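Letters A, B and C mark the chains in the order given here, with residues in each chain numbered from 1 onward.
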Amino acid sequence: MAKELLSIEHLSASYGEKDVLTDISLSVKAGQIICIVGESGSGKSTLLKAVHGMDRVRVTGGSIRAFGSPVSAMTDEQRRSLLGGEIGLIPQNPAGSFNPIRPFEAQLRETMQSHGRQFDPAETARAFEAVGLADARGLLRLRPYELSGGMNQRVAIAAAMLLKPRLLLCDEVTSALDVTTAGKVIRELEQMNRELGTAILMVTHHLGIARRMAEKIGIMKDGRMIELEDADWILNAPVQEYTRQLLRDVPKLAGRERSGEESAGGLDDR
Amino acid sequence: MKIKRSVSDQRKKQRYRIIAASAAAVILIAVALLAPMLSPNDPYRTNSAIIRHAPCAAYPFGTDNLGRCVLSRVLMGARTTIAVTFFLVAVSFVIGTAIGLLCGYYGGRIDDLLMRVADIMLAFPQMVIAIAVAGILGGGIAGAMTALGITMWTGFARLSRSHARTLRGMPYIQAALLSGKSGPYIMLHHILPNVLEPLLTNALTQIGTTMIGISGLSFLGLGIVPPQAEWGSMISESRAYIQIAPWAVLFPALATILTILVFNYLGDAVMEYRMAERHT
Amino acid sequence: MLRRAVKRAAELIIILIILSFLVFALMYAAPGDPAEKRLTSQGIVVTKEILQAERERLGLLRPFFVRYGEWLGSIARGDFGVSFKDDMPVAGKLAAGLKNTLILSSLSLLISLAAALPLGIVSAVRQDGPADHLIRVVSFVGNSLPNFLISVLLMYFFCIRLKLLPVIASGNLRGLLLPALSLAIPLASRFVRQIRSELIGELQEEYVTGLRARGVRERYVIWKNVLYNSLGHIVTMAALAVGTLMGGSVVIETVFRWPGIGKLVMDSINARDYPVIMGFVLIMGTIYMGVNLLADVIAGILDPRILNTQK
């Protein structure tokens, strides 16, 4: 059995003034791709936030263990070195995950140094190429506000790849992208999974993406995990009526291969 | 949804702060109003027999260089400072709001012109203008108030203008227009009530600054002049013999600090309460 | 960038001309007669004839616009006229005072920033901690103190009670300490409050969460990002404070008898020496607007987004 990277048991959490997660259990093993599907407000993003411990999500019950140690007992420094290094995150709006007015190079350098590594231009260029960004040297001199959201997103993914995390958390990565770019990003993530063995926990409102990538699919509704099973099982023999309805709402497409590309949020690449 | 306890606790704390600060402000205003009754002595009567007398039973804060009762003068000074400040803030409020509403509602050339004037006023350091204007006008209450008022109205004008501009496009304003209501009617009955809260908050935060301005000008001899009791001019008058009669400086100084602290605290508390309101 | 700066500079000149007109008009309408004031101060018994001759000599009798035009024209050549009080050139008086005022004001500004930056940073980074609470109370009180009051109290405690420092500001650092502190205490307190709220706002920006989620060390997050991004606002804040310092220096220089432009203008107000007052307003206005223009340019270099949004 593969090593367990993340183990969530009976987790309840609140965000601000609201209780948003109730009794969630989930486990991510090395190399696995798990997709959590749900409508907005179902608590799926909060689940990720609870794992990486930012954004004032308060755990009110249950436990989260990452790489064997309980997250709640970690010191700030332990959590910091775990984040990025072992657990990568591609947030909902990756374009916002960089300081908009400082050049990428300085920011990537500091990110690498924070994890005890050196900034290597050649390695960075390779990572940029992998996400379809040519001219790494030119891009590194630019500031995030000078690039489109889609470009920023790819730099964010490249940054996550540079750190070679064993677990990558993705929050609605395709929602702000046009169809073509979204398809590219999905392929890049799959490639990371194949080549580096990175486990991926992805949150999305698109069952289509889950169908394409996931080994396991979880369905969330009103802060609860109502179904969590192998992808084939969920797609072919869902137990819950809600899941069946979600499946009906996914437009019929020719094959699993193309479904990642129907995830357009309708926004252009700016 | 369950409201988290800490948030409502925080609101409660903010509310208590406002109540406490308001209570202190009301006490100060009451002291100012009742000053003639509270004063143990005549604040204007000079007495060469008791010049620079240390605090005692008859003169709890001592006497100044002319033998006047410092406590009585501090109490009367509260009246001067608070009355002048409130009057000035109120006048700036009314004039600034009227200008802002007219500019924001009608727009056009007058709007351009008046907002340019406001820009020019703000492009200059306020106290430099105030000192120059008060200096040219030759001191006195009216001069000091004009000097400070020249720049003060701009804050109210900008605030009410921006609200009036946004509200003008609202459907209910359009409806009122269609039903034949006049511009002034709409401004008074539909726009003003909606701007009142931010304007009053702004007025509240202006009180402390205005007091500092008034007493500063009076200290320089450009505002309220002796014998009328005012803290800034009292401090300025008594500064020369602070070595012999420190009480004649220290008590008005304490009164100034206390009053400004109370009104600034009230302003801060209300601002914080409104900011928190906007976030929830 | 350059075009924007030029446009602002042109605006600055227009504003100065408008302001000079307003000040001139105000002075024209002002009560009190400089000719009479001048004669009495020289101990001359004022008769109607002498007064009229003096008015004539000072050029007070010519029409308003002629006087304004002439005055504005000579200002453009750097000639601020002669003082009504002693016939000395106003430009020379102003320049001498300005130098001393700049020394005092820059010292105060430096003290304020040196004190406020670390305190504001600690207060924002350790928000709601004990240090933050203490800093907030102290800066609230400091911000509420009028500088004339601070100057009188400081003088009383340090010069009279403790006899540590001289009462009259002399040129050395010891003499400048109290005047500089009198200006710096309220200013530093205001800075602390402004820096704190600026940094707290910046810490809530989305990218801060992004950097932290990538495991970037907190010292990089604070020093290289949050502080860097706030720098433009801090520069703007300091530039606006120059206006406060100008007003404050009139008070403080008078209290400590520091021979700056502030003390000069108070003496001139008492003597109704109009050319000096007008020169003071124009010089202060020019410096203030120039400083703010410079701050704008610096803020634009630090955060180029400003230029894109504020077209």
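Everything below uses one rule, namely that contacts are C-beta pairs under 8 Å (C-beta built on N, C-alpha and C of every residue); 3 or more make two chains touch, one makes a residue touch a chain.
Predicted model, so just to flag it, every value in this text is computed and none were measured.
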item: From subunit B, the most remote chain by mean C-alpha position; value: A
item: Chain pair with the most C-beta contacts; value: B-C
item: Rounded Å distance between subunit B and subunit C, as computed from the means of their C-alpha atoms; value: 22
item: Computed distance of Cα centres, subunit C from subunit A, in Å; value: 52
item: Centroid distance [mean C-alpha coordinates] between subunit B and subunit A, Å; value: 54
item: Shared-contact residues (touching 2 or more other chains) in subunit B; value: none
item: Residues of subunit A engaged with two or more neighbouring chains; value: none
item: Touching residues on subunit C, where the partner in the complex is subunit A; value: 206-207, 209-218, 220, 224-225, 228-229, 302-305
item: Residues of subunit C defined as touching subunit B within the complex; value: 12, 15, 18-19, 23, 26-27, 30-32, 140-141, 143-149, 152-153, 155-156, 160, 242-244, 246-248, 250-251, 254-255, 265-266, 268-270, 274, 277, 280-281, 284-285, 288-289, 292
item: Residue ranges of subunit A in contact with subunit C within the complex; value: 52, 54-55, 76, 80-85, 88-89, 91, 93-94, 96-102, 106-107, 110-111, 113-115, 143, 145, 156, 159-160, 163
item: Complex contacts: residues of subunit B adjacent to subunit C; value: 119-120, 123-133, 135-138, 208, 212, 215-216, 219-222, 232, 235-236, 239, 242-243, 246, 249-250, 253, 256-257, 260-261, 264-265, 268
